[in-house]
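Beneath this line is the structure, given in structure tokens, with notes to follow.
Letters A, B, C and D name the chains as they come in the text, with residue numbers starting at 1 for each one.
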Amino acid sequence: MKYLYFPGCSLKGTGRAYEESFLAVFKALGLEVRELEDWNCCGATAYMSVDETKSYALAGRNLAIAERSSDLDVIAPCSACYLVLNKTQKGLKENPELRRKVVNALKAAGLDYKGKVRVRHPLDVLINDVGVEKLAKFITKPLKGMKFAPYYGCQVVRPYSTFDDQYNPVTMDKLIEAVGAECVSWPLKTRCCGGSLTGTLPEVGLRLAYILIKEAKKRGAGAIVTLCPLCQFNLDGYQDKIASKYERVDIPTLYFTQILGLAMGLPESELGIKRGIISAEAVLAGR
Amino acid sequence: MSENKPKQENLPRVGFYICHCGSNIASMIDVAEVQKYASGLPGVAVSRDYKYMCSDPGQEMIAKDIREHKLERLVVAACSPNLHEETFRKAAARGGLNPFYFQMVNIREHAAWVHEDKKSATEKAKDLARAAIARVRFHQALDKKRVPVDPNVLVVGGGIAGIHAALTLANAGKKVTLIEREATIGGHMAMFDKTFPTLDCAACILTPKMSAVKAHPNITLLTYSEVNKVEGYVGNYKVTVKRKPRYVKEDLCVGCMECIDACVFKEAKFPDKFNQGLGKRKPVYIDFPQATPKVVLLDPETCIELKTGKCKKSCAAACDRKAFDFNQKEEIKELQVGAIVLATGFKAFDAKRSPQYGYGRYPGVYTALEIERLVNASGPTSGEIVLRDGKHPKAVGIIHCVGSRDAKTNKWCSRVCCMYSLKLAHLIKEHSGAEVYNFYIDMRAPGKAYEEFYDKLLGEGVHFIRGRVDEVTDWAMTPDEEGKLVLRVEDTLAGFVRRIPVDMVVLSTGLEPQADAQEVRRRFNIGCGSEGFFQERHPKLAPVNTFTDGIYIAGACQAPRDIPDTVAQAGAAAAEALALIDAGFVELEPNTSHVVEEECCGCKSCVPLCPYSAITFDEVKKKAVINEVLCKGCGVCAAACPSGSIRQNLFEDDEIFSEIQGILK
Amino acid sequence: MPDKPKVAFYWCASCGGCEEAVVDLAEDILKVVEAVDIVLWPVAMDFKKADVEARPDKSIVAAFINGAIRTSEQEEWARMLRRKCQVVVSFGACANSGGIPALANQFKTETILKYVYEDCPGLDNPGKVRPLVKSEDEGRTLTLPEMHGMVRALDQVIDVDYYLPGCPPTPKLIMAAVQALLSGKLPPKGTVLSPDIALCEECKRKDSKPVDLALTEFKRPHQVQIDPEKCLLAQGIVCMGPATRGGCEALCPGGNMACTGCFGPTSRVKDQGAKFVSSVFSNIVPKEEKEIDAVLDGIPDPIGTFYRYGLSKCLLRRKLN
Amino acid sequence: MNEQFEPKIVAFFCNWCTYTAADLAGVSRLKYAPNVRVIRVMCSGRVDPQFVLDAFARGADGVLLGGCHPGDCHYAEGNYKTLRRMRMLERMLKGMGIYDGRFRLEWISGAEGDKVKTVINDMTKKVRALGPLDLPGHFRDWDKELEELEAHVNKDSKKAEATHAG
């Protein structure tokens, strides 16, 4: 199976570990992934509230490029990119006036947008296209004895639930079990990680992140596993600030592609394990 | 190739009447203008408008006009034929005119009520009137066919609705067959502990009726059976019934239950469906003590003998009446009945479809039916409110409208879950003394003594919080939430989000159609809404009838309904069936089709078209023949006869062509 | 002895097959000639228009007019014969319902002329010259009949007394018509001079048609080896028999070819094509749209098939454009 | 007169489903365009393609056929016959220059009152945009070419009679 890949700015920046582990795992699974040439920033959720037409055109450009080169699905690992691209598809389908403006704008750039391409999430591809049985064949070093808390964040399940349930998503839980680890029962799977508030209103943002990491630790999770670069950054990056404001928790935050890579026996260096601020060394040593 | 316009002079004399329907029609259609316009149309001898055509004076006016003006045709422009076609046919007959020389024009439901511009609505009324006046010229005199009605009745579904209907019919002296899919009758009601608003114990008021059914000479009770096929037509239905094997002979077993004790499985191991899986049962079991018929049955999935054939069959050995029969097979029975009452009941909403409430994830979350079993003295915990981990809950939260009034699941209000939530609140408080919180959106207590019951609960100190619970979580935000289930809810009266920690959560799941509603309604050839509730002929005027004559519906299969209304409907359905049977005959609409023998070339094109095999081919005469009694009058063969040799009464080609011509002038 | 009743034969837009049918009366033609005096028969006798015009109105007992009305000349002849004759018999499918020529009603006149005088393969007309209704040649003006916008049946131009169906009508029916005319015992005006019952009545293959025929596909005659005994429709071949008036004694099915509907519908049917569609597709097997379409694809030219002889009498009369 | 063109649409509704849905739309006071005139048949399978052609020939700008959803027919299979016939009729209508939504087949169950409203409003809008079909008008135009010649031929006949009056 072949896919196009839309990295987005995070996976080239703070979320580089996500890109490295994603590419490594997909390569190992024999899934050919080709980065979209000349992709541009997706505008993230902020731009849409500033200027809807321009933001749809900006995100729509990526979709037009994807459609131009082939009819393959395009994978957008970052939750924000995944949400924005899906929202653009839906918005342009339901709003003919907006669609006319965006299509004309893209025509001026020599692109023509039809809206046929499907935007996919890597987790959806792993669980639904590849399937847990096939994945099991690749698991050479199951992460026995490790307990992970699955954190989905918000954008992958709200406002649209595309490949999982809105209230109680389970695809990542299945992946954690597939890699041989234990999935901690954790009701805060989709509770807000603070998002951009950690930067703009720290007294609110940090408290939200603190609640998540505290409860995960309390329920015995060795690490939190997530699928969104911003959540990973909020939970992993601010633990010093949280420690000074509340209490020290110290729990690493890994990407689901990283733990899958480890279970498939891929070297840590290829999975960007070292990039985490809270070191996962101790936790992973036990495997 | 001449046009079929009859000559001007020999046109039959037509009486045209347009109804004001109070202001329903007159407010949007200029009835005087239509009346005047119609009076000028060829053949119209009398043209009147009147405030209420369907009233007695209205009908009397028609009868008088027919006699005085020697009218030969009648056209009434008013409401839908589905409403008053019969009324005006009878009026025509009273005037001495064949009732089928009449054509109705729908200018209320199809015009006055749905248009906003008086000019175009009046224009439309004139077109439709002209079409009917053109059409009625070609009407033929017809008369309804009478067909005898079989006096036996079939009642499908052994819940309280089916039980009450069957008893009412049997007490009226009719032979009734009551069919129930489960091993015992009693339906959902048998599972309840008490019933609102009087707190009668469900078993106390239901068991006498169940034993009355068992004892009644006129009722044949077929449990563990399903209807496979329905053929025939009103008054003459042939029903095929499939009886699943119990592996126990019903006439021998007296329900002493000694076989259950003797079963090789020492303790009960398998989830007991009747107790919503809370209790356990053995492969040989009986649903509940008052099960009717009081006969055990074997579960082929778990009984070793049935699965492997290698069991010492201690159950059979213990049975001195030798009631066991391990190779009992599925049995097919045929019934002849004149009327059928469908009382197939409802299915409770599956709480797992609202994952935010955590049913199936948190052991402390129960469905209302599970609580009905817990508070029930003959339930798995003999009435003791106890959690799955054995502890007694100090605080219980009851969430109303689970799955109901929700765009994501079921849009409709389930009508009973407010009242049974109040009842459960009372029972839980009474049995366990716990603090009880009811989370509701609107407290709906519309029935007799319902509001008073709600007041009683308020008096008993139950906490009522108005708001839709957002989620049930075991995440403790504060120390006093540790180990509890926390309900997060926006209290719309207090105006802020609250977190209520409780030990047990009860989900008041709503009512929805049975899972197989679509197949069942196709089997009985009745309609149903897209969600699956059976379609009544008219929501107000014929709530227990269906569009198929002879088939009636009662209870929650038609819409969510509480027990009092269900029993009332069951009585109504029984009355409708009795009316049909006691008439002794049924009049079939005469709009059947017939082959004109000398015109038929014997091409057999029509023969395979009839789903009721009413069309056969006479090999001697080499002509197609239609059996008028089997013909249901759909007209498919009339449209398909390539040489135009089949006519459908009341819908002949001339009549429809003239209607088209009338509309388009 | 008083001079014999005069009859006229005329042909408008026709192939000459109907003339051929009269000749096919063979020796019976002598009986006809004995009884009547033919005063017009362009294909066989040299009477001119002026000869007919010279006759007083209604002096001819009957005119048998075959062929559809396509040009102004044909219309003129038809109107003149109507004036000159007491009884006009519309003779054959072209006169009754437009016949094969009426299939042109699916095309604009310009499309037809462009094809015939410009695009037709094998044509040698570099100058794209077209015939003109009026043209000058060495001081003389030459006029040609004008081509009407559509092909009409005879009774769409003049009032017609009787109809002789068929392409062509069978000699037997022609003889019966002539004898009826001579005997003066005539059915009511407008009658079609053939039994008012569909063809299957006389078809020998009728018994082999199953009572529960449900087709899954339609075949064209060249695609299948036709069983000479079995009902053609049952073999999946479009046979218009059930929707076509009998009287021809099922000549075509007898000649191992499906009936194509030339006798027109029975008197109870207003549009033969629409009625046949209503019947023949009612019981094809598929119930889903896609599969239904696949079966319908077995009939690539529905209008040409179901209105082969009767497009003028289709309720829509001609293609809209 | 610049008054907007109002299409006239003839509808055949089956008694058990679409006609009942139209009644329901009435009972629920839903508002929709007044351009449709309904003819009631017991089953959509009673509608003979001749009726559709006759409606167009007599001046209908659109024809709407309403029946029960497949599987719901009160007579079990009537609507399958309708679907088979009308799929072919649509092809023939297209062949005769009538398409683009002037003829429309809709499955509407007895409970879908609002579908009757949306279908009628939508079809009225579309047919209004297509403009009048007006076959009777076309028939008159096509037959104009006959009148001139008729006058001419009858004029000559007077002359011919005169010469042979004697």
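Note that in this section a residue touches a chain if its C-beta (ideal position, glycine included) is under 8 Å from a C-beta of that chain, and two chains touch if they have at least 3 such contacts.
Since the structure is predicted, the reported quantities are computational estimates derived from the model, not experimental observations.
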Distance in touch steps, counted as few as possible, from chain A out to chain D: 2
Chain whose mean Cα position lies farthest from chain D: A
Chain pair with more C-beta contacts, B-D versus A-B: B-D
Inter-chain centre distance, chain A versus chain C - centres from mean C-alpha coordinates, in Å: 75
Between chain B and chain A, distance of the C-alpha-averaged centres to the nearest whole Å: 49
Mean-CA-position distance for chain D and chain B (Å): 37
Averaged-CA centre spacing for the pair chain D and chain C, given as whole angstrom: 28
Touching two or more other chains - residue numbers and ranges from chain D: 45, 48, 50, 54, 81, 85
Touching two or more other chains - residue numbers and ranges from chain C: 269-270, 275, 278, 282-283
For chain A, residues that touch 2 or more chains besides their own: none
Interchain pairs in contact, sorted by label: A-B, B-C, B-D, C-D
Contacting residues of chain A [partner chain B, same complex]: 165, 167-168, 185, 187-188, 211, 215
Residue ranges of chain D in contact with chain B within the complex: 6, 8, 10, 15-17, 19-20, 22-23, 25-27, 29-34, 37-43, 45-48, 50-51, 54-55, 58-60, 71-72, 74-78, 81, 85, 109-112, 117
Residue ranges of chain D in contact with chain C within the complex: 45, 48-50, 52-54, 56-57, 70, 80-81, 83-85, 87-89, 91-92, 95-98, 133, 135, 138-139, 142, 145-146, 149-150, 153-154, 156-157, 160-161, 163-164
Chain B residues touching chain A - in the complex, by the definition given at the top: 354-356, 358, 361, 471, 473-475, 477
For the chain B and chain D complex, residues of the former touching the latter: 80-82, 106, 108-111, 113-117, 120-121, 123-124, 127-128, 131, 522, 525, 527, 529-530, 535, 547-548, 591, 609, 611-612, 632-636, 638-640, 648, 651, 653, 656-657, 659-661, 663-665
